[in-house]
Every structure is written in C-alpha cells, then in structure tokens.
Amino acid sequence: MSSSPERTNASGTAELNTFPKLLLHHAQTRGAKIAMREKDLGIWQAWSWSQVLDEVRALACGLAALGFKAGDKLAIVGDNRPRLYMGMAAAQCLGGIPVPLYQDSVTKEMAFVIDNADVRYAVVEDQEQVDKLLEIREENPSIKHILFDDPRGLRHYDYPFLDSIDKGQEMGREYDQANPGFFEQSANSSDGGDIAIMLYTSGTTGNPKGVVLTYDNVIITARNGIIREGLTENEEVLAYLPMAWVGDNLFSYAQSLVAGFTVNCPESGATILTDLREIGPTYYFAPPRVYENMLTQVMIRMEDASRIKQHLFHYFMDLAKRVGTRILDNKEVSAGQKLLYKLGDFLIYGPLRDVLGLNRIRLAYTAGEAIGPEIFDFYRSLGINIKQLYGQTEGMVFICVQPDGEVYPDTVGTPAIDVEVKIHDSGEVLYRSPGVFHSYYKNPDATAATKTEDGWVFTGDAGYFAENGHLKIIDRAKDVGKLLDGTMFAPKYIENKLKFFSFIKEAVAFGNQREYTCIFVNIDLEAVGNWAERRNLAYSGYIDLADQDEVYELIQGCVDKVNEDLSHDPLLCKSQIRRFLVLHKELDADDGELTRTRKVRRSFIEERYAPLVEALYAGVPKCHIETQVKFEDGRTGMLAADVKIREAKQFTPVAKAS
Amino acid sequence: MHERKLGDVVLQAEGISLSFGAMRVLNNVSFDVHQGEIRSIIGPNGAGKSSMLNVINGVYHPQQGSITYRGETRQQMKVHQAAAQGIARTFQNIALFKGMSTLDNIMTGRNLKIKSNMLQQAVYWGKAQKEEIEHRRKVEEIIDFLEIQAIRKTPVGKLPYGMQKRVELGRALAAEPDLLLLDEPMAGMNVEEKEDMCRFVLDINDEFGTTIILIEHDMGVVMDLSDRVVVLDYGNQLADGPPDVVRSNQAVIDAYLGVSN
Amino acid sequence: MRIEQDVLKILLAALLLMAAIPWTAGKLSSDIFFEWPFFFEVAIGGLLAGVMYSLVALGFVLIFKASGVFNFSQGAMVLFSALTLVGLNELGVPIWLAIVFTLAIMVVLAVVIERVVLRPLVNQEHIILFMATIGITYFLDGFGQTLWGSEVKLLDLGIPNSPGLYFGGQILINDFDLVAALIAGILVISLAFFFQYTRIGRALRAVADDHQAALSIGIPLKHIWVIVWAVAGIVALVAGIMWGSKLGVQFSLALIALKALPVLILGGFTSVPGAIIGGLIIGAGEKLAEVFIAPMIGGGIEDWFAYMLALAFLVFRPQGLFGEKIIERV
Amino acid sequence: MLYREAGEFKATYQADQAILTIRQDRWFMLALMVIAFLVIPLISSEYWLGTIMLPFLILALAALGLNVLTGYAGQLSLGTGGFMATGAFAAYKLATSFPDLHIFLVILLAGGITAVAGLLFGIPSLRIKGFYLAVATLASQFFLIWMFNKFGWFTNYSASGVISAPPMAVIGDSYVTGPYATAEAKYLFVLSIVVLFALMTKNLVRSNIGREWMAVRDMDIAAEIIGIRMLPTKLKAFAYSSFLCGIAGALWAFVYTGSVEPLAFDVNRSFQILFMIIIGGLGSIMGAFLGAGFIVLLPIFLNNAPHWIGLNIHVDLISHIEFMVFGALIIFFLIVEPHGLARLWQLLKEKLRLWPFPY
C-alpha cells in the first residue's frame, strides 16, 4: 500500500541501519538516558545507553576472544534479562547472528534448534539452562563456549568451555585493550542487508523453522510501527514475553533500539504483576491470554468485594460498555454520559487501571490469536487504548494494525505502513512488506513454498476484507475444511469463540470431512473452581471437576451460546456444534498437545484421543480412555477416565447463506 | 556430587549432660563437627535433639561437659556470645518476629554487623543510612538466594508455613554464620517445599561453605544431605558416623528406625 | 521442697531486715523512737492491714490463675460493690438483704463481663486483655458513681471500732482490724477449701494449667470465666465491706487495688498462699517503714514503699515468692 | 480509590526505604505540614491554640515516648506520668539554676535527665517481664511523684509545691513561656519540637535499633539468639522513651500550663497516655497523634455535647460519664481493632490503594 512520506527521514538516516550502529548512536546522543532496567535485589537497577554500550562492548570482545567470528550463531536462552539482550547486541556487533530460544523448552526441542541453527556459542541465564546445554553438548559437541549470567549452583561446574558473563566481559576488556579499534570496526561493518537475527517459529506441525531476518527487515518495520503510532524515546515497556518470540524481539529490542526508549525486565515470574504496576508501562504488548487472565482475576477479586463496591463496579462497567469505547474513539457522546463516565473514571476505571498497572498506557497491542470481543471491549471501555495487530514472524510482526478511532473487535485493522495485503483466490491472505523475511534457514523448499519470487508471503490464514476495508481473519487456511455437506468448517474460529468464555481454557473442534462439528473442551481450573466453590461443589482436582454434571451444564450453556452466535454467520451457520465433551486432562505443551505458544495441535490431539473422537461421532453417551501423560518431574504414567459426552442445542440459521 | 573435603574440627561437644530438675535431657553426649560439614542429629521425639542445639548456642547450660568452639573450650556458651561468634539457628516452632515484614526480619538478623549508634540512626543521615543501604543489599542477596522476592514486604504473620520457615532461614543466613543450626527445617512441609529446602541447605553449605548441624525427621533427607549423623535416644548417644553406617547400626534400628517402620 | 526453703529464707530475712533497720535507726538517730513493744504494736497493726491487702490480692490471683487475665479492675470492683451495697442500704433495703442483692449483682456483672468483654477477646494476647480490664476499671468507676453519686458514704456494720489492749496491756490493737482480719481469714480458708476439695475448684485449677485439660473434664471455658469472675466479685464485695466500713465508701477504695499490686508481685500472680503471705509482708513492712524509716527521709512513703519492697524482691525472684519458675522453650 | 501508583518504581534503596514511599502520601504530608505551620496559627483562636492544640501536641509527644517503650519494645509501662514530672522538675531546676540557658537546651537537658531516670527504672526489666514489669513501673510513678512532693529542693522550697516557669524566649523577645508568650509562639515552638522528635522517632524505629526493639517485643528469646543483647536494647527503649516523656513534661509545665504541681503527673496521667496509645495504635508513630487527638477532644466533646442537645448535666456527672465512656471505648477498640486508630487508618489506606478490589 502507500508508503508514508515521513518514513525516509524518520529519526533516521540511512546509515543507522543496523543495531550496532543504533547502539553506538544512542550511547553518543542520549548516553545518560536509561536504556534498560531490571528489578534485581529489590530495586530497579538501571543501565544508561552508554553503560549498555560498555557492557555490550566488553561482552562482544569477550566473545571475540573466545573465537566468535562474523556469521557465527549465538544461542540466547533464559528469562528476559538485560544481559541476555546485551548478548544479542554483542553477537550483532561481531557480525554474528543471535538465535533466541524458548527458555522452557525441553532438552530435546532445544537440541533440535541448536543443531539446526549451527549454534556455536551460547549466552544463558542460569544453571537450569546450562544443564540443558551440557546435555545437548554430549550429543552435539559443536558448542564451543557457554556463558552464563547467574552463577548460583554453578560453582563446582568445572568445564573449560563454561564461564560466567562476568568472566567473559573481563576477557573482553583485555581483548579490547589489546585490539584497539576492533570493536568499532566490527560494529560498523554490517549493513542493512545483512542477517540480523534468526527466530524459530514454533509451528503447529513438524519441527520449528528458523526465520532469517535482515537488519532492514527488522529495523524498517520497527521504525514504521513507531511512526504510525507516534512512539517516542520516553516510552516504558515491560519485557516479560519469551525472548525467542518475534513480538518480544520487536517491542523490547528492535523498537527500543530504534526509538531509544526504556526496556524493563521483571524480577521473576512470580512478581510480574507487581512489577507491571511499579513500572506502569506506556507501551504494552500482550497476547490475548494475558488480557484474559487479567480480566478473570479482576472478576474473581470483585466477587469478594463488598456489595456497595460490586454495585458501583457493575453500574459503571455497564456505563463503560455503553459509552467507554465511543469516548476512547472520540465519537459523539452526550454531555451527561460524559460527566458520568468521568465520575466512573474517578471511582472505578482509574483505580482499576492503576491497580492493574495499565494507568500510563498510551498504546497496547494484542496479537497472536483472536481476542474475545468482551475482553477487548472491557479494556477499551476502561479507557485503555488497546488495539489488535495481525502479524507473523515471517513479516517481522506488522501486517495489519487497527488504526486509532477505527477499532472493531472482529477485524484486525488495515495494513501497516509499507505493507501490501491481498487475498488469494483460495481465500488465503498474502502480504508484501519491508519486513518480509530473508529465508527459512537451510530450508529453501519451505522458503519457496511460503514466499513468491516477487516477495509475496502466504500467511497460511484464511480471511477477507470487510466492507470497511479492514481485514478479517477466519482461521488457518489449511485448517479451514468442509463438513460432508460442503459447509465451510473453521475450527479455530469456533474454538476461539468458545475460549472467549472464561470457563473454557482450551477447545478443539473436529468436523473436517465429517458429518457435523464436535468439540473437546478444557475447563479453566481457576475460573470453574471458583464457580464451584461458590456453589459449594466439592472437587478434588481437575479430573474430578471436569467430570461433574454441574460443570457439564455450565459448559453446555457456553456451547449453546456459541451455536446461537454461529447461526447468525452466513458462512458458518451450518457448522454448529452438535456434540461435545469436557476432556479429562489439561492439554499440555509438555505432552505435545500444545505448542510452546499454547496453540492447540489439532491433528496430534485427534490422533492421541482417537477413541474419544470416534465416540463423539458414534453417538454414545460415554467413553473410556487411557492416556499416557508426562508429569512435571519427567516421569510418565497412565491416566484413565470415563468421559461423558453431551449434545448441544441447535439453532436455525438467522441469515441465509448468500 | 563432587568430592567433599572436610576441614578441621570447629565444634566439639564433650560429655554433655543436661537435666531440668529430676528430668535428664542429655546424658554424656559427645561429638564433633568439621568445617564445612553437614552434620545431622536424629532421634525420636524427646530424644534431646533440640536441647543439644540449645546447649550449643547457649540457651541451656549443661551441668556437665564442655563445648569447644573454634579452639575455645567453655563449660557453657552465652547466647549472645554464640551469636557474636558466628552461630546462627532456626527453630523447630517458627520463631519469627510476627509484627515485622520479611525484609525487616532478615534485616534484624544483621544486627550484630551494624555499627552506627542510636543518635546516628535517629538522624538517619550519613553513616546510619549508608549502613542501612549496605545491609539492605546483603539482605536482598539472601532474598534472591531463597527466592522469596514476591513476599519481601509481606508481614511474616501472613505468610504460609513453608514460607515462614524460609524467612527464618533467611534471618539466620543474614548473620553470615560459620555454623548454622537447623532445627527441623522441613517439618510440616509438602514434598515440593521439602525439595526446595533441601536445595537451599545444600546450596548454603556449598556456596558459603557454612557448616551445618541439622535436626530432621525425614530419614530420606537426612541420608541424602548429611556427611555424618549422630543418633540420640532419650538423651543417650546411640551412634555416630556416616549415614550408611548409622543406618545399619543395630541399636539405631531397634530404637529408632524400627519404630518408624 | 527447695522452693519452700527459699521462701522461708526470704521471709526470715525480710523479718530480720524489718526489725533491724528501725532498731538501727533508733540507735543512730534520736528522732526515732524505738522500743520493742511499740515495734510489735506497729508490726501487728501492719499485719492486720496486710490481711485486708491479701483479700484484694486474692481477687486478682483467682482470675489470673483461672484465665491468665491480669484483672486490673479488681479495685474498681471493690468500689463498685461497696457503692452498690451502701446505695441499696440508703434506699431502705436492710443491710443483710442489700448484701444478698449486691452478691447477685456481682454475679450478673461477672456474666456481663464475660459476655461483652472477655468472649470477644478470647485468644488475644494477655496484654490486650489486661488493657481491657483497665477499660472495665474506668467503666465501673464511672458507672458506680453515676449510679450512686460520689460523696463519701458511711457503712456501719456494727463492728466495734475501738482500740483494745492485748498481750498484757502492752500492745494496742484496733478491734475492728481484728474482726476484719478474722473475716478475711475465714474467706481465705474457705477459698482454699473450695479450690482444693470441690470439683469446680479443681477444674479451675486445671484451667490455669491447661485450657485443653479443662475442656476435657467437661466445663466450658466461658462458664469457668463466669465462675472466677463471680468469685472475684464476691471477694471484692467482702473487701469492699471491710475497707468501706473502715474508711468510708468513696472513690479512694478503688485505689486499694494499687496497694494490692505489690502484694501480687511479691507473692506471685498464681499463688493463693503467695497472696496471703505477700499481703502480710507488705502490710507489716509498709507500716514499719512508715513509722520507723519515713521520718528519716521526709515521711509519706506509704505510696511507694510497698512497690520498692516488691521490686527488690523481684530482682531476686522474677516470678515472685510462690510463682512458678518459667522455663523458656525454643 | 484516590491512589494512582502505577509507574512509581524505586531505583535506589534510599527511595525504597523512605518514610513515605508513595508520591501522594508525600503531598499529603506536605499539605499537612503547611496547614500545621501556616494555616492553623493564622486561623485558630487563642482558645483553640492554647487549650486544645498545645495539650494535644504535648500529650502526643508523651504518647510517642510511651509507644516506643510499649508499642515498639513491648515493655508495658504505667510510669509515664512520673517521667513527665521528672522532665518538668528537671527543666524547672535547670531554668532557675542557670537563667541564661536557652529554652531549647533547658528542654533538651530536662529530657536527658529524665532519660537517666528512665534508665535506672528500666534496669529491673532485664529480670522481670510483662505484668510484673508493668507493676514495677508503677513503683517509679509513685516514687517520683512522692519525691517531687516531698523535697522542697525540687520546687526551690515553694510553699505550695507548685513550680512556675520563668519567661523564656527562643530568640530576642519571642517568648514561649511566661506571661508575654503568645499562643501562636507557644504553638509553633511546641509544634516544631514535636515534629522534630516525631521524625527522629520514625528514623529510630525504621533503623536497626527499632528492629531490635520490635524483635524483643515479638519474641525475646529468638532476638537474643540472633545476637540482640537484652539489657542495652531494653534500656535504650526506656531511656529514649523517658527522654520524650521528659520533654513532654517540661513543655507541659513550661509552655502549656506555665505552672504545675506534681499531682498533674499522677498515675491518672500515666493511664491517660496509655489510653492514647491503645486507642491510637500500639507500635505506630501516627497512632500516638491520633490517640492524643482523640483523648484530648473526647472530653471537650462530652462536656459540650449535652449543651448542644439542650441538656443541662451536672459537672460531676459528666466527669463520671466521661469515665464510663473512656472505659467503654477502650474495650470497644480492643475488641474491634486491638491495634487502634492507626491500624484503621492503615486499613483504609490499603483499601484505597487496592480499590475497587477487596484485597
């Protein structure tokens, strides 16, 4: 689409086209400004841009001293820690390529990526990651050196190829002195077209693929995002999503380096909510489940509030539902309502935003999955400018963004700056942008299958442009199937609609090449557990709770509502859910049922629970199943259960299919 | 596990006998503790284990016997003397300062290291504040070590049992002790909490080289953690030696292990 | 056994000291008149007054023993019972009936206190309960005076209030004091019996040692509290009658409680014999000191001498003469 | 509800350990100070300043002292009145013996002398605990009052046993005692001292010594085992507590009443101060002020309330009712909130910070 005229002169000059150059630039122009913070030892420890540069410089030189060469791959594994981000920058300063990995992946998964990406060096967080790498190294001795951040428990690890980052930096400083000019020279040596980073997509099927992105891909896209949303160097972001995920790389690394704003790393997983409130980010990014959890928490906590507060809350939330989003979008609202909303802002919205830590937010994104319209509207009606974003690793995130004032919950907005989007005849969405990836690493076939000669990328998603010009995504293109009668079947679409209910944590829909739609449901243990407690239902755990008749009634209600909803959709009205069951086990990434980003692996599940699927279509009321499961400590065991199956209510289509 | 090298004897209890009125609590108990060792005391309830710890850090004064600590032999320790010489401990029944936060509890553990006087503290300027900050940093390291960041400012009375035990360990660690007495640190914990606590005990021994005397009922834990074990039964010393030796000692099996089976 | 030997030693030392100091003082200073008969006269007067202290202290001990509450309002209860008694009497109720009514009122008061104050505070720290009894003190002081007025009232039970000569006419003793001591003595002995030989009495002692044990013998804690407070109320009434007919019924009766505190310290909070012996020591010591020591240092030392005496004891026996030694467990 | 804290993060330990960590609290405190130092003297009548604000501030200071000892260090004391008397008489002797001594020094030294007295009477606290100690402190109360009554030296042999403060000025002729002193000057003088010592006390209780006190209070045996020495710690509490009480006594005698007899500091004064900290909140600086405000204002309210509703009640009866109300309130507070007004304030604040959530 049209490129914006500001782009070419954005903060920008042609020569600031790599992260090393940007880092040098910030250290020079805003050296004393805070670049990163980390809550450590009870306070927010800060690094200014020049301190970041010093550390990166030492680390880079240290890596060089250890033999790291341009083109080498550096694995980064751990929670969001400043020194791991610095590790990324250090690799880039040497012309190397950082490869961030998911810190919670098991050794096997990690071994694949390390092998596939030809990783030679690694900068990791702690003993846990070191242990995994040591195990991998036994099979794959190509790892030359490992640096770790936190020495706890590693005192007695005596390996010649294992050192702390401190030690690495110490070596680096010596190396730096011995080789004056080396760092500057190598930091300035890369160019926009060079490889910046490799990010592994988790992929719902098969092994992950390494997406190779150039500096231009990353930096131009990051800059376009900054321009479109008017971000400044004064933003504060909280880096809490996995570093291996493209979103974190864009928001907590690339955009920070382009705009010069501050990245904050939380103290630990257990303190994220506190840390969020302390920092009060101005620019925030979270996948829908984070917003969902937050909303669930709000509702659960409000349940225990006094009557007066509950009344106030519900009264003003109703008001917000009516006028909140309109006020946010600067649409016309009567003066009385406006005044009332102001009062609500003082009594409820403001405090709520503040307690959640979202009070200072100027811009919040959600992406990765469809977000429930209720959830979405909840936040917007509170006055939080949350917008949906449609993106992919292959396009360095930005494909479509909801423009200010034109936010519709069921669409993902209009194409981002410099992005062209079109719909393929098959219904699949295609795009072309500066962010389009270089290639899949060592996988030309996949590259060719995804990216056309002239740079168009198949997203794999089915969708269409609505009348208002906004893109609407239905489902993964390959998942969109047909029922036996030829009706369109969009499983993800149905699943998402189910998941919008707080009681339903996961849903898996079946129906392709079958007579009708059936689903598996995973209840949300916390929400349903709370619900059960309030009704004095006793239960001993997930399996027990999932099996209760009352819970089935509850879920039935949700399923019926989805069916009613579907009956309004011209394309999907006939794919209403016929039968459903509440699965006796929580779907788990460790069992391969979910991806690391918590997407359901439908075909895997279909295979694994084949007897249940069969039973759904056989019309029987109950089915016995035994499943092998992996426990947290790594042991495996068998889980047996009798799972009940229920029928869902059917609705006559409201709109006729055109 | 790496090879363990034990140092010299740091503590020697010699013929300790303790009674309250007609009640004999300890009867001629003798054992030594080496630098860097994890030394366990086991025995059934009422065997005198806690009393032994109380003798070591001066709460109880034995009628007979002596304690040699760091080369100095005393008939009895004084409580603050023991503390000043680097003996810290945790308690069987949690003995935290209930009105204070986690942070303040652990800060209190550093009281011996604070040098500023009352006037300086009243003015809270210069030395006193500098000290507060210095010690806060140390305490934060302990909080980090014990992974209790999330409860830093919570009043300890509000914490669950397992967490309170952890805070108490933190308070003991704050003194940077040479000898740490742990009185049933894992009592009443679930498996997960026990595992964490075991890890902390090992890490403390490992990272700081702290010598540890441990009272524990969970035999699995004792056998895993300890270098050597003393077995007490009604104040009498039944056995003393490495875990596997003690485990196969017939007197111990009869008096203790047999009972628990 | 050892404890009792200690106590005997201390008592002996106390007596010797009490005699030795004035004797020496008399020798040293011509201002002080010292003669043995006079000494004994003073000492006996003191001992008899001490019995009355014991009576008030007994009320404290009862409640402390059974509920661990340090009942600061014992003095207020003395005042309140005396005021009620005289007030009823002034309304025309015959004195014996007034006593019965007052007894009933004190029992009701015990029930109310248990219900309104103690039950909501069960399981609170002792210091909180202590402060609550200070609240009760203020309330009762105010309530009694609001109800019956604050002017001094006379209470005449017809006990002769004239000095008599005893021991061969050498020693002058007030008859009233003798009668009062006798009544107090009877009360003390009957209480001792009550505790020793009745089922409830034994239960009360059990409570003091272990609340669980008390529950296991089938008496609810709240009943026990009501009983001890009622008994303490009755003791307060007796003390109120005695002190009231001696000094007149007025606000200063409440201050007698302050006199009883050193007795408690000396005797131990948990010991009935302690309260008695403590009372005797304090009573005698105070009088002797007032007569023989006070002139040397300006007089009027009654206010604090008892406290200083008790304090001196405390430093040597922190748990009081008969209190149980506390072994600290960790 | 009123709090907006998102984005207030601490980058240094100084900031994290500050007395008021929330920005809005700092504003509130600033506003309070402006009101106390500027607005109140400007708008208040002489009656308000002289008969309400002065005793309020001075008793708050005494309550602060007692709260250090009882609320923080856990040593129950019933001898506050005695220590206030010591401060008053020490100040009197100092001011009359050394007429050139500055008022500030007189007051400070009087506090110092009282601290020594507190130290002496604190010695038994090593051996005796709890109620035994409480009763022991009564001994100091009675002994001290007796002493000041008995020995003419303390009153410079005044026949009535009453001491009167000589006129003294802070600077030039801004008198704060004696007949030339204005209510505003007295108020500001007392306010400055009280604010200064409140701050100092806050500093102490958030420092090592404060933690040691609380440790001794919460579990003395554990405190000892981690190396806290009982005697010095308790004695420091006694000394500092009596220091503040002494200053309060000196201010009471010199600035508030101008002349005073020992009975002004009898055991009822001790109880009054104790009630302040019970109602205000044990172990809280703010509690001392809230409690003092409450106890000072309540009698005024009780005395005036019948008139407002047209009742005419005899003074005696009112004073009896006052007793009852006090007693009932004490019990009420202990039952409802044993930690007093300060805890209620704290809870309210927590509620406001978490609003609209209940926890």
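For clarity, chains are labelled A, B, C and D in written order, and residue numbers in each chain start from 1.
To be clear about the criterion, contacts are C-beta pairs under 8 Å (C-beta built on N, C-alpha and C of every residue); 3 or more make two chains touch, one makes a residue touch a chain.
This one's a predicted model, so the numbers in the text were calculated from it and none came from an experiment.
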item: By mean Cα position, the chain sitting nearest the middle; value: B
item: Highest-count interface - the chain pair sharing the most C-beta contacts; value: C-D
item: Chain A and chain C: spacing of chain centres that average the CA atoms, whole Å; value: 77
item: Cα-centroid distance, chain B relative to chain D, in whole angstrom; value: 41
item: Centre-of-Cα separation between chain D and chain A, whole angstrom; value: 57
item: Inter-chain centre distance, chain A versus chain B - centres from mean C-alpha coordinates, in Å; value: 45
item: Junction residues of chain B, two or more chains touched; value: 59, 91, 95, 136-137
item: Contacts with two or more other chains, residues of chain A listed in rising order; value: 42-43
item: Shared interface positions of chain D, touching two or more other chains; value: 13, 16, 221-222, 225
item: Residues of chain D defined as touching chain B within the complex; value: 13-14, 16-17, 200-201, 203-204, 206-212, 214-215, 217-219, 221-229, 236, 240, 283
item: Residue numbers on chain D that touch chain C, as the complex places them; value: 76, 124, 127-132, 134-136, 138-139, 142-143, 145-146, 149-151, 221-222, 225, 267, 271, 274-275, 278, 316-317, 320-331, 334-335, 338
item: Residues of chain A that touch chain D when the two form their complex; value: 37, 39, 42-46, 236, 277-280, 298, 301-302, 304-306, 309, 312-313, 346-348, 350-360
item: Residue numbers on chain C that touch chain D, as the complex places them; value: 70, 116-117, 120-121, 124-128, 130-132, 134-143, 145-146, 150, 258, 261-262, 264-265, 269, 297-301, 303-304, 307-308, 310-311, 314-315, 318-320, 328, 330
item: Residues of chain B defined as touching chain A within the complex; value: 2, 103, 136-137, 140-141, 143-145, 147, 149-150, 152, 203, 206-207
